[in-house]
Structures are given as C-alpha cells and as structure tokens.
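Notes for the one structure printed next.
Letters A, B, C and D mark the chains as written, and numbering starts fresh at 1 in each.
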Amino acid sequence: MYYIVSIAILITMALALTRALLGPSVYDRVLAVNMFGTKTTLLLSVIAFLYGRPDFLDLALTYALINFIGVLAVLEFFQSRSIRRANNRVDGS
Amino acid sequence: MDSAIDVLSWILLALGGGFVFVGGLGALRLPNFYTRMHAASLTDSMASILILVGIMLQAGWSLAAIKLLAILAFLLLTGPTASYALANSALLSGLKPGNSADESTEN
Amino acid sequence: MELMELLGLYNYWAFAVVLMTGLYAVITKGNLIKKLLGLSIFQSAVFLLYITMDKVDGGTAPIIQEGVPDQIYSNPLPQVLILTAIVVGISTTALGLAIVVRIKESYGTIEEHEIQILDRDS
Amino acid sequence: MVILFAVFLLTLLVLTAVAIVRTENLFVAVMLTGIFSLLMAANFFVLDAADVALTEAAIGAGITTVLFLGALALTAEHEKSVSSGRWLSMGVVIVTTLVLIYATFDKPRLGDPQAPVHLHVAPWYLEQTPEIIGIPNVVTAVLGSFRGYDTLGEVFVVFTACIGVLFILSGRRGRHLPSNGMASSSTDQGLRHHLIPRVVGRLLIPFIVLFGFYVQFHGEYGPGGGFQAGAIVAAGIILYALLEGETQALKAVPRPALMGMIIGGAMLYGAVGIAGIALGGNFLDYSVLADNPVTGQQIGILLIELGVGIAVCGALLSIFHAFAAREPS
C-alpha cells in the first residue's frame, strides 16, 4: 500500500515538474515548486515507513517547517520590486 | 480490532494517493493560473491529512505518531499561507483573475 | 539480472549527464549568475556520485539500531564528506554572488562579453 | 522496488538540470533550483543518507532561494543570450559525457557489498563506534571524532567565505549611486502589511528554532548535528527578517552578536582541540577530556558540534544580512 501511495506521489511530482517547465507565467513555476515541496514532505514520510525507520521523520518535519520560506521570499521579492519601480517612476517624473 | 484499523488506514492512504494525483492533474491541465492554484492548494491540504493520518494509524502510539501530527499541523499552517502569499504576489504584479485561458506571458 | 546490472549503473549515468549539464552552463553562458547556477549543479552532481557509492544492498542509514544485531549499514564515510561539503558549497556560492553583485555595481552589467568590451574600451 | 523510485527521481533530476541551464529567465532558473534541491534530498534519502538529506533540506529549502533572490534583486532578472562557440562546447560536453558513461561500466553497480569503498575503513568505523564513542549515529562520530581535523577545516572554509562576503559587500556602495534615504525606509518593511503570513510566520519561528536545537542536541542519536542545526536556526531568523524587515531582525540579533557567533563557534572548536593537548593528549583527541575515555569522546563531540552549529548559524545570517542591507543600483 505504501508503494501505491509513493507511486501516486511520484507521478504527481512529474506532473508538477511538467507545470514548472511549461510555465507560462513565473507564478505557475512558483506554484509548482510549492506543490513539489509538499509532495516531497509526504514522500519522505511514506518512505521513512517503507524503510521501517520512523525516526527519519525529522527530515519531513524540516521541510514542513521551512519550505514556505522560499515562497515568502518570492512575495518579498515582488513586493520590493514593485515599490522600487514606483519610486523610480516618481523620481523620473 | 487491529485489522479494522489496518483496513481504515489503507483506505485513507488510497484516498490520499487519489487526491494527490487529482491535484497534480488539475495543476497541469486547468486553463489559467488561479484555477491551477485552486486545484493544487486544496488537494494538497486534503491529501496531507489523509496520507499522514493513514500512516499515523499504522504507527500506533509512539514518538513517530507525534512527529507525524506535528508535520500535519505545520503543513496545514504553511500550505494555505504559501498559497495566499503566491496569489498575493501574482495579483500585486498585475496578473488578473479571469475565466479565460492563459493569456499571460513571462514577465 | 542483466537489467538489474544496468539499473545499478543508472545513478552514475545520471551523475555524468548532470555534471556535464553544469559544465555546459559554466563554459557557454555569458551571464555570471547563470554560471554560478551551473557551478552549483556541477557541485550537486559530485555530491550525487559520492552518495551513490555509500549504498549497500539491504543496508540502512548508519545510525545503529539497538536490538537488531545483524543489520547491514551503509557506508558512513561519503556521507560525512558530503554533509560538510553542502554547507561549504552554499558559503562559497554566496561568495561568488557577492562578487557578482560588486561587478554589477562597478560595470552596470553581469554579462561577460559586455564586461570585456567595457574593459577593452577603458 | 525502491531502486525504481530512485531511477524515476534521477530522471526528473536530469530534466530539471537541463531546464535550469536552458531557461533565460534567471528568476525561473532559481525556482527550478528549488525543485532540484528537493529532488536531491529525496535521492539522498532513498540512498540511505539521512544526515545528508537533512543538510540538503535545511540549506536548499530556504537559504539558497533567499540568497539567489537577494542577488537577483541587486543585479538583473534576465540573461541576454549570446551564442558564441555554442556548438563546439556542446560537442565537447557530449563527448565527455559519453566517455564518462563508458567509464561507468567498470564501476561496481549500486549497492554492491564488495565495492572497494566498503572494504577499507568503513567497516572499522561501523564496528568501533559503539565501543570507542558509544553513540548510535556513526556519521556524527566520524564527523566529530575520527575525522575531526577535516571538519575543523570545513568550518574554517565557511568562516573564510563569510569574511570574504562581508569584505566585498559591507563597504559603502558604489560612488555613482545616489543615496536615497527614502527608498531604504520604504523597501525595508518586510511583509508587515500581509497579515496572514505575518501571523503564521511568527507562530512558526519559535518552532523552527526549537526544532533547530532538537537537531543540534539529538544529532548523536538520530540524523542531525551542528551543520544542519545552524542552517535551520538561521532559516528561522531569516524568516523573521522577511516578515518584519531586515532592520528589525538586526535588532533581535545585532551584527556584533553575529560576529561573536562566527568567531566564538570556530574558536570553541579550536579550544576543544587545544584542551586535548593541555590535558596530555593529541590535538582534537577527546578521550582525555573526562576520566572515562568514552565519556570524554561524547563531551568532545557535543562541544564541537555546538561550535559548528553556532559558527554556521552566524555565518549564514551574516551572509544574508550582507545581501539584504545592500540597495540595488
């Protein structure tokens, strides 16, 4: 059963990667990265049990905790970019 | 009793696998960014609940179950937050939600 | 068995392709950040090679379990080398990025050929 | 069966690497690097390297993306495509790939127990660790004790790289740039106006730091250790900086404290080594630190892991602040 779940997750990872490669907007790619992160968390939990070493759940826990820092960094990146552009417009006029 | 828990956990895992797959399909096939995000984020949360609870039933009362609970709690907190942040930055830079297929280009 | 032999080499093939993809980015791309990305891909390929070598059939991660006497463990040595190398890798990449940022501030560009033109003109 | 998972993951890895090199939008390339790192971590885990996977997770999930985005904000987002000598280099690369693949046919296959790597010192480490050091995680034992010199060197490489970044970036910015006090105040507000990320992020920061400490002090018994813990704690504080603005994060952990962490961590490592000499042993020989050699080894590993954790955390945070404090031209 773990195998079936892992295979479903792996196929979904491939689908998410396809979305990341196709785009078309940059946000689609960020979405794909975020999806990929959740899928990796689930895959690592499942494989930890598949291997019979549940003490390796620490790894999935790491991803669950810090994976969304990347998305927040993207939000901050776009926000400061739009502020900068607005400032440049004010300076230029 | 044990076999009942086993059956329940297999059902949850199978459902979770199904949700994961449907979410991936939605993220690939739906026509524009906001619909894709809708598909991905909702199924992400649902599949996380189903799969992690399924494994938790297998683990029984142990440190592993508590860790799984923590993973689930953090995923449920961070997943929707990440979706919010993403939708917000998309909206900020002028990607309009609409029902038409994707017309946006790389920016 | 033949198939398993070939699958057992797949990791090394993936290593070769990823390594050369990184090298290609380093030698052809003119953008300095792209070069650094290529360099970090190259680096990751080397990590992959080392970690591939640590696997033993039927083994598990080298954290000794009590009450399992005949457990086979994978090789800890490559893991130690790569564990430290990952952290060193991000620090050196950051150093590279810092240099790129300074180049951008001095030259106004991070494209290699434009920098060369500016250097020749001055 | 799991080997098939590995094959699948590796195929995705190769595709991602090719896509990173092909795309001309650097922002997209950085996002794909995130996927690349996730795939690497999953691969490491499948190949039984839990400690390495944890390191890749701690570094790749947040810090790499944040650093590259910081550098992109200061430089440019698009690359200009120039194709000079592209076919020649493509040819060279393909030929080298084929040569490398040809060479792999002489390699022992994946997981072969008779491979030369598994016959030399590795069995000795696995056998002797429970007796000499008495901790379950052999990776930590080799890292901290058997190959302590190596790790000392790596810590000083991180230290040196961090000093390099600070030298290059912390000076005054380029002379031709107008200093705009208004811009700095308006861009450095973090995500203060986004209520949801702010609330959730602030809720998570204590857990991230706590988990970092768990990884630090549980490293002898499970996957973990100083390198991972330093990166995780640094990620937590970087999250604070993203949410509240960089100046606010500097109030929480000021620059002198960061300097103290980098130097103090590296010095702690060195001091443990010198304490070994002072007590009559060799440099980095922990057996003399306590009456019982096994306890001495454990104390030594605990202390040097602490030094590594502090130094790595300080170095990564200083690097982050060096990039974040700079104004784009």
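Brief remarks follow.
Throughout what follows, contacts are C-beta pairs under 8 Å (C-beta built on N, C-alpha and C of every residue); 3 or more make two chains touch, one makes a residue touch a chain.
The structure displayed is predicted, hence computed values, not measured ones.
Any chain touching chain A that also touches chain C appears here: D.
Here the chain at the heart of the structure, going by C-alpha means, is D. A count of C-beta contacts for the chain pairs A-D and B-D puts A-D on top.
For the pair chain A and chain D, the distance between mean C-alpha positions equals 18 Å.
For the pair chain B and chain D, the distance between mean C-alpha positions equals 28 Å.
Inter-chain centre distance (chain C to chain D, centres taken as mean C-alpha positions): 13 Å.
Centre-to-centre separation between chain B and chain C, using Cα means, comes to 30 Å. Across the assembly, chain C contributes 60-61, 63, 65 as residues in contact with two or more other chains.
Within chain D, residues 25, 28, 50, 72, 191, 194, 197, 201, 204, 207, 222-223 each touch two or more of the remaining chains. Each of the following residues of chain B touches two or more other chains: 74, 78, 81, 85, 88, 106. Touching chain pairs in this entry, ordered by label, are A-B, A-C, A-D, B-D, C-D.
Residues 60-61, 63, 65 of chain C are the ones touching chain A in the complex.
Touching chain A in their complex are the following residues of chain D: 1-2, 5, 8-9, 12, 15-16, 19, 25, 27-28, 31-32, 34-35, 38, 41-42, 45-46, 50, 53-54, 57-58, 61-62, 65-66, 69, 72-73, 180, 182-183, 186-187, 190-191, 194, 197, 201, 204, 207-208, 211, 215, 222-224, 228, 232, 235-236, 238-239, 242-243, 328.
Across the complex, chain A is touched by residues 10, 13-14, 16-18, 20-21, 23-25, 27-28, 33, 36-37, 40, 44, 47-48, 51-52, 54-55, 58-59, 62-64, 67-68, 70-71, 74-75, 78-79, 81-83, 85-86, 88-90, 92-93, 95, 102, 104-107 of chain B. The touching residues of chain A, when paired with chain C in their complex, are 51, 53, 55-56.
Contact residues on chain C toward chain D in their complex (touch as defined above): 4-5, 7-25, 27-31, 33-34, 37-38, 40-41, 44, 47-48, 51-57, 59-66, 72-88, 90-95, 97-102, 104-106, 108-111, 113.
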